[in-house]
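In the two complexes below, subunit A is the common chain; its partner is subunit B in one and subunit C in the other.
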Partner chain A sequence: MNFLTIFARNLKQGPQTEAFPFGPAFTPERLRGRIEFKAETCEGCRICERVCPANAIRFAKTPDGMTFDCWHNTCVFCGNCEFYCPTDAIHQTNDWNLAHANADKFEMVEHGLIANQTCVECGATALNTAPMVKNAKPPLSSEEYSEVRARCPKCRAKYLKNRKVPA
Partner chain B sequence: MGLIPDFKKIATRSPWLYRINAGSCNGCDVEMAVTALIPRYDVERLGCQYCGSPKHADIVLISGPLTVRVKDAVLRLYEEIPEPKVTVAVGVCPISGGIFRESYAVLAPIDQYIPIDVNVPGCPPRPQAIIAGVAKAIEIWRERL
Partner chain C sequence: MSTNTVPETFSIPVGPLHVALEEPMYFKIDVKGETVSHVDINAGHAHRGIEYLTTKRTMYQNVVLTERICSLCSNSHPQTFAMAAEKIAGIEVPERGIYLRVVADEMKRITSHLFNVALLVHLVGYETYFMHMMQVREIGQDMVESIFGNRQDIGAMCIGGVRYDLDDKTIAYIKGAIDKIEVETKDIIKTFKSNGSILRRTKGVGVLSHADAITCGVVGPVARASGIEYDVRRAAPYAAYDRLPLVVHSATDGDVWSRAMVRLEEILTSINLLRACLRDLPGGPTNINDRPDIPPGQAVTRSEAPRGEVIYYLRTNDTPQPERVKWRVPTFMNWDGLRFMLQDAKVADIAMIVNSIDPCLSCTER
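And now, the complex of A and B:
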């Protein structure tokens, strides 16, 4: 009577087929999918451009600042950029539904802009990147962070050097 | 019910799928096989079926970056498929070349040689993404009929 138990179990379970085109699809939480870029937290170190095996990521200098472009149509979802990014500015979402018509081929781009700013100390034009202060001791307070961020790289180094460290 | 007339439309004219491997690493081909053969994904719900001959095909799934060596064979196969046909590029290789881009042995992107209608990027794409691409292709195919 083994087949009857299997039959009853299958009746109870229902079909195993995913409902996908007619319903929601099962997506794992940590699926490596489409790249997402946050310009606010980017340090501008361009390590992601270097480690990308498919050359999907490209930084370019424009009059407004530095632009970030990731073309999803050549990205192989390896996750190198996310792994090497020091500030988690670039990460992979679990969005896999990227099928599109061929006319939209070159619109499948993740775009970001790191804008130019004027240094509050010396008045030079520099990129408004996130400062590299991960190893600063003691850690920067939020006011100090915004002060560092408003400066150009040279003035940032000066600021961090002259910072009063409580004994 | 909106789905039932749609289902009837698909059932009356079911597109048959044909796979062309244009120098693929077999990753996308495995995913395409999974899309069709495993009951969990089951592309046959959309009325599609894989066929063995290009002469029976309606929707062509192309994987691989079109290597120099297979170019003539792929173009000949593509010519054999009767009109109207809808072409789906599966994986990043036929769309842009992926990691093989700018290689001397690869002629990607494939849309310089073959008109492509739907792109499904991924390395390889998930079976659900392939199903989404096929669903898009079926819509285009119905318009062309």
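And now, the complex of A and C:
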């Protein structure tokens, strides 16, 4: 392509720069942006906390249950947490817009709570985490799932052990 | 002798910032008139302590940390690190995983080479064409961002395979993007062969002879432009390179122009490798879907980064953290060659010659 062809093409196409902030910016579907946490599907295995290279993810035990915090200003958006999460409880959205006033810097946190519950079997207080039943054979029905979920870890293990598996 | 005589030689500082890239490297250059008579290279202006940091993080965190050593070889570092961990633990990467590793590697190579050659055109002073080349590179950058989710730190690697997967939609997208880059790159090669401004500034400038190249032990496109046909992808194939149509390009002149041409031709080879990968992409898992503990041991692995051979040494112990990680990056070998390239060069060509080794100080001074 000679120079005149490039010139004509560029003249037709107009500026290559993006119109942002006056227009939308190029944002691919797979862009690795802000972290999103869904407490309902979290197993509480805390693997995300261990693989996070920036130590942006912190779990803490509180009287209400276990809290999840991901500090967006510490996060490096590597996506290790999403990759290693066994239940897709962590998801990286393609939202890159994290600009904020300095006064709000301590509010740039993705917060979640895995609440405490009372075990329906033994009455002990335990976390209402998603049960680790990915490898259960045959897969649990939705009634079985909620029954397992309403129990404490010990009673969950007992429930799964005593579960009648059709031969 | 009159009092107003000017001394015959001057000593001028070049750097430590803004030589060709905005990275710290200091040259103390003795000039005789406009000609360089002696070069003193002074490195070590930045120390980020990354080698120490790797021993404070677990193996799985280190894949991300090594990626952040350098943004242009941000795939080669974690890949070589993961290869070392896999060697120690005896992990075999699934077939689909090794092909996807090549895809990630070659995409980064295309954008890295285009960046370097575009900068060369900028230093030549041909700003219009620099803008055009950066726009061509932007096709590649958009492709990388759309596939991996980030323009530079692509996060493709993990110990035991790759983290991303391709589907029909993304494969079609990559094919469309590399077709566009191929047409433009062929055009750039034509321009490099015919444009007077580029030829006059780069032909016969910064020559590194074959013998000097061997003395310095240069690697990558710098070595290949001096007639050393050495490419880790062929010398010690890793990933899927042993079954792909890899062509190793070389030149004999060893000047700035040859190094740029080797890079431009490698872009075309990378495009062919990408096409072959996408055509032969086997099915199955992309990684081992597990997080095994890496047993105590040590391993040395190497791969071909865009700048040349990168070597990783990894020693692990009973803890999740490695005991020692050490890497030798291509720029460490290549900047020795600058001593020969800059000898008798013109002062105006210094920045261009420095750029022609594609220096990556963030890799070298970590």
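As a convention for this text, the second predicted complex is superposed on the first by the 160 of 167 C-alpha atoms of A that agree within 3 Å, B and C clash if a C-alpha of one lies under 4 Å from a C-alpha of the other, contacts with A are read in each partner's own complex, and residues count from 1 in each chain.
The criterion applied here is as follows: a residue touches a chain if its C-beta (ideal position, glycine included) is under 8 Å from a C-beta of that chain, and two chains touch if they have at least 3 such contacts.
All values derive from a computational prediction rather than experimental measurement.
Once subunit A is used to superpose the two complexes, subunit B occupies space next to subunit C without a clash. Of the two partner chains placed by superposition, only subunit C is touched by A:Gln92; subunit B is not. Of the two partners subunit B and subunit C, it is B that touches the larger number of subunit A residues. In the superposition on chain A, A:Ile6 makes contact with subunit C only, not with subunit B.
When the shared chain is aligned, subunit B comes close enough to touch A:Ala101, but subunit C does not. Of the two partner chains placed by the overlay, only subunit B lies in contact with A:Thr17; subunit C stays clear of it. Touch criterion met: A:Pro53 reaches subunit B and subunit C at once. In the superposition on chain A, contact is made by A:Tyr84 with subunit C only, not with subunit B.
Once the two complexes are laid over each other on the shared chain, residue contacts for A:Pro28 go to subunit C alone; subunit B is not touched. In the superposition on chain A, A:Val76 makes contact with both subunit B and subunit C.
Figure note: vertex subunit A, arms to subunit B and subunit C, all at CA centres after fitting on chain A; angle 50 degrees, rounded to a multiple of 10. Superposition on chain A places subunit B within reach of subunit C only down to 6 Å, the least C-alpha distance between them. Common to the subunit B-facing and subunit C-facing surfaces of subunit A are residues 16, 31, 53, 76-78.
By the touch rule above, subunit A contacts subunit B in their complex via residues 15-18, 20-22, 25, 31, 53-55, 71-78, 96-102, 105, 108.
Interface residues of subunit A, counted against subunit C in their complex, comprise 1, 6, 16, 26, 28-32, 47, 50-53, 76-80, 83-84, 92, 94.
Of all the residues in subunit C, the ones that touch subunit A in their complex are 57-58, 60-65, 67-68, 132, 135, 138, 142, 145-150, 153, 155, 158, 163, 183-184, 187, 291. For subunit B in complex with subunit A, the touching residues are 3, 39-42, 45-46, 89, 92, 95-99, 101, 111, 115-123, 125-126, 128-133, 135-136, 140.
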